[in-house]
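Heads up, there are several structures right after this.
In the two assemblies presented below, chain A is common to both, partnered first by chain B and then by chain C.
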Partner chain A sequence: MTLLDFARGPGLQWSVAIFVFGLLWRLVGIFFLRTKPDLSEPRNPAKWKGLRLIALRSWPRKEFLEGTAFGEVMGYTFHLGFLVALFFYVPHLLFFESVFEGLLGTDFEGIFGFRWPVLPTAAITFLSAVSVAALVAVLIHRITNPVKRLISNFDDYFSWLLTVAPLATGLLAYAHAGGIRYETLLGTHILSAEVLLVWFPFSKLIHAFTIFAARGATGMIFERKGASL
Partner chain B sequence: MATSTLGEYLRARGVSRRQFLRFCATSASLMALPPSMVPRIAAALEVARRPSVIWLPFQECTGCTESITRAHGATIESLIFEAISLDYQHTLQAAAGEAAEHAREKAMKDNWGKYLLIVDGSIPTANPGYGTIAGVSNLEMLKEAASGCAAVVAVGSCAAFGGIPQANPNPTGAVSVSDVVKDKPIINISGCPPIPVVITGTLVQYLTFGKIPELDALGRPKAFYGQNIHDRCYRRPFYERGQFAESFDDEGAKKGWCLFKLGCKGPVTYNACATTKWNNGTSFPIEAGHGCIGCSEPKFWDKGGFYQPLSAGDWGSGRTIAAAAGAGVVLGAAAAALGRKRQKDVEAKQS
Partner chain C sequence: MSAPNQDIDQKFPLELNEPRFSVKDPKVRFDMQGDMSDEQRVETAMRNFVKDFGRTAAIYMESCIHCGMCAEACHFHEVTKDPRYTPIWKLEPFKQAYKREYGPFALFFRLFNLKPKVTHAQLAEWQHLLYDSCTVCGRCSLMCPMGIDIATLISQARHGMFHAGLVPHELYAVAERAKREGSPLGATPKVFADRVDWLADDHEVDIPIDRDKAEVLCTMSSIEIMKYPDSVVATARVMNHLGVDWTFRTDGYEATNFGLLSGNAAWQKQMTMKLVDAAIACGAKTLILPECGHAYQALRWMGANMNGKPLPFRVLHMAEFLAENVREGRLRLKKVGKSVTFHDPCQVARRGGAIEAPREVLAALGVELREMFPTKGTNWCCGGGGGVVAIHRADKLRHKVFQIKMDQIEKTGAEIPVTSCANCRQTFDDGQAHFKWDKTMHSLLEMVADNLIEDDA
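Presenting the complex of A and B:
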């Protein structure tokens, strides 16, 4: 079995299995926790309005802009770059189509009635390169900023490495870099994504699935208490 | 045949000097050699003695022999092929039965240590009876013939890697030449079938330089298998632009867009199809409108569907993932229940 065969077969099956297992464990575990009963009189009965916090916290606040601008810009850059490369690159789309077909027996168009849009390879290459640059910038920022360095642990650095790896190996595979055989580069790229999947649910990366719910929950608590959002 | 060198043989067959030099130039460019090497190739071929060749066909479909003999008329490639002293090839030879076997034994004895052994087809090992020639099992015959050869050329993916007979579940226990022969140089010329000029080109290279050509990690001559199809594919610009044929008869297919979505294995296939092409340089599968199936790579038969895109995953039965999901939910629910109980205990203590 070659590296690529392993990555496309058993590697994929096991990493997705671990990802699904970990993700459901943590999400079910969190969402079925009981919120502590708040016996006080609600200052504001329309607590659902607190969900606004999801949007509000996703945008920098003017007061703190000076301190947060760099992180916000770089953060948005690599998050968007990563997601666009993940979801709008043709070979990736074909991978997701295989998931749809495996699970539901039809492709994306069969389910939603329109074709998943994709971007030209050149655009994806550019975005991936920009994302890698932004990730390097945030790492340097994290190491050089004393406060950030103090609150960072292994999880942060390892998650960073596993996030940058699929982008970097993807770029290398695309460039057929260094005279290395394409299937080796492609196998490495897929494996890097699989390692990321395995690590994902057990690390801070789980924020992708909890961040908006957490912001919403906080917003609702604040709203009930009558705090300004 | 009275002629003893390749040059004499070709001249006797009416091959002009110009044709011969053109062939040498083509071979040189195929082997990525500078034009200055052409006279050297010509000189070497001119005086090359016709080497004795024993060709053993095992578990095969004869497609490789068809490829080399029927590819395109009486070209210089097929003449070169004929020009080697093919002492045994039971598809092509007139003799049969014991006479043929005697010819093989004689050729082996006369040229002990010097003959070239060409093998096409894989070797069944599950039962010696699955493949026999004149009562001798393929495995035994290969071992015997290989013991006195100078080198083995495994022609076709079956001989080189096990090929289709080895496809899952491999009922005959098929193995490749390199699984059996360990002490002789082996040149793998993979493909199902290999390109005729790649077969002859490899022989030319061997005759010209008198040694085994530079091989890649899979034992294939780098000169022909050094680059993958995708890197040399004329549809590549469409790949870069994200223009893909969605079916074999849609607008994209008519416009010649990339066949990646239709399962093309060009990006992971190493062969000379995109440059050398087939049928006297007419075209190659991708040019004819079908994706590459990766026939020159090991286990190409078992690498997912031919029409499944390269980036599609192989999900197996999906049972592992379903079980993992179930286990995750159970564990999560248990963790939540434990958390709730603790919360209640703490609250009870506080009140």
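Presenting the complex of A and C:
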């Protein structure tokens, strides 16, 4: 079995299985805890259900902008770059479609009723490169900024590495880099994404699933009091 | 009380005199209470940290991405640039223990020793971070992009520290005294009644106390009773002026809650229930909290939860009560004609939601309000909340932090700084004395009482 065969076959199955199992385990472990009802007389009726804070916290207040702008801009850049490259690149789409067709017996058009939009390859390449650059900047910041250096742990660095890896190997595969066989490059790329999937539920990457819950919970508590959001 | 240091306040009572009035620097420090072994302390701290650990707290613990942004919001980090004052770092041992002992993957963390066991030395070191350098002001909670309410987690960590006997000397002593005597600063029921008597005579004002029935129950903070008795008089003046059917009661007058500040939920409840029971006993429809930040948090937002059912009366901060009466045209005030800047007490404004009420009152006083930057919900804390002003070894750091406040106020060019929290006020008084500053913090309530328009005037 070649590397590519492994990545497309058992590698994919196992990584998805671990991802789903780990994710459920962790989320159930958190969300099934009880919460105590708040008996205080609310100042405001909870008509926004925390939604306002979910939206508001997407960008810092102007009072806090200085000192956080770098983190915010870089954060948005690599998150968006990563997601766009993941979901709007033709080969990725074909790959997802083949997986889903195998499972559901229909393509994306059959599921969504429209063709999934894609971006030109040049745009994807550019975005991936920008994302890698932003991630490198974030890493340098993590190492040089005294606050971030102090509070960082293995999870932060390893998650960084596994996030950069699919982007970097994707760019290498696209460039057919260094005389390495394309199949090997592609296999490595797919594997890097699978390792990321496996690591995901056990790491800080879980924030993708908890961020809105955390903001929403705080939003509900704060809005009830009329406290500052 | 046989365990070591649990009776420190009886053996070496903290002195409560000038110039600081809150507490004097203890001659010998006992920053550890009880006679547990080191392991027991760690275990107890963690058990009490996760006790009552609900879904929300667990979501918080799982969501931090170590972006470090919360540091930018904390005044202790702002003035020192010391990374240890990063808000989320103040919880590090508790995060570590959560992952290792209680999180969904605790088994793996323990099995492969992915997170080391928290040690007693670590916790002892963290006492400085959780108490001396955190006013639980909640400014960091507005910064976190994940929406983690860091301040609430810090309060929860303080619960752990309290039960492990790891509370700074002064804070433990005043909390224990409050539980024993009914007041942290010696304002026992008898002292309170005597003071009320004396103030009524001296100021020729009627101050009802211990009436069986009253529409409104007024409460005070011991800081006011002992250090700013004019606030007691001002309360009476305003209530009498408005013709309110009101009373003080010796079975429920002390609104500060050192159970909350030090981290003892049982004491917190006991202190809260005194107020609740007193209000019920006199059939009050409204309980008015004094100019005190954490008292508002303790009763307005946590009171019903301590009581186990909704409170059968309204709870208002003094500023809210004044604003309500301004709005309804009952409270008419002389114009002061000065420029004023308002310091928002964190627990009333940012975390309590009573942000506009004091401003409505100031507008009725006809002052020129010059807002600080930042103001309202993101205003900087005075540095003395959360019990910090009581801890002597924290003075140097607190004074550093206070410079932010002086700078903010100077920049407004306002003649008079005003606030509606006696604890902020004493922090300002202390800062003023330390820096020989020419600005004195004023009380909103006292300003109102000094400018009432008497109908026959």
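Convention: the second predicted complex is superposed on the first by the 225 of 229 C-alpha atoms of A that agree within 3 Å, B and C clash if a C-alpha of one lies under 4 Å from a C-alpha of the other, contacts with A are read in each partner's own complex, and residues count from 1 in each chain.
Rule of thumb we're sticking to: contacts are C-beta pairs under 8 Å (C-beta built on N, C-alpha and C of every residue); 3 or more make two chains touch, one makes a residue touch a chain.
Quantities reported herein were computed from a predicted structural model and do not represent experimental measurements.
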Superposed partners chain B and chain C on chain A - clash or fit: fit
Contacts of A:A122 with chain B and chain C, given as first, second, both or neither: first
Which of chain B and chain C A:R34 touches, first, second, both or neither: both
Chain A: partner with more touched residues, chain B or chain C: C
Which superposed partner A:F21 touches (first chain B, second chain C, both, neither): first
Which superposed partner A:D156 touches (first chain B, second chain C, both, neither): second
From chain A, separation angle of chain B and chain C (C-alpha centres, steps of 10 degrees): 160
First, second, both or neither for A:S98, with chain B first and chain C second: first
Touching partner for A:T218 - first (chain B), second (chain C), both, neither: second
Superposed arrangement (fit on chain A Cα atoms) - minimum chain B/chain C Cα distance in Å: 5
Set of chain A residues, in rising order, touched by both chain B and chain C: 25-26, 28-34, 36
Contacting residues of chain B [partner chain A, same complex]: 228, 230-231, 239-242, 244, 260-261, 267-268, 298-299, 303-304, 308-316, 318, 320-321, 323-325, 327-329, 331-333, 335-337, 339-340, 343, 347
Touch list for chain A against partner chain C, complex: 25-26, 28-36, 38-41, 43, 53-54, 57-58, 60-61, 63-64, 66-68, 71-72, 75, 145-153, 156, 202, 204, 206-207, 210-211, 213-219, 221-222, 225-229
Chain A-touching residues of chain C, taken from the complex the two chains share: 52-56, 58-60, 62-69, 71-73, 77, 81, 83-84, 86, 88-89, 92, 103-105, 108, 138, 141-149, 300-305, 307-311, 314-315, 349-355, 373-374, 376-378
Contacting residues of chain A [partner chain B, same complex]: 2, 4-5, 8-10, 12-14, 16-18, 20-34, 36, 90-92, 94-95, 97-99, 102-103, 118-122, 176, 181-183, 186
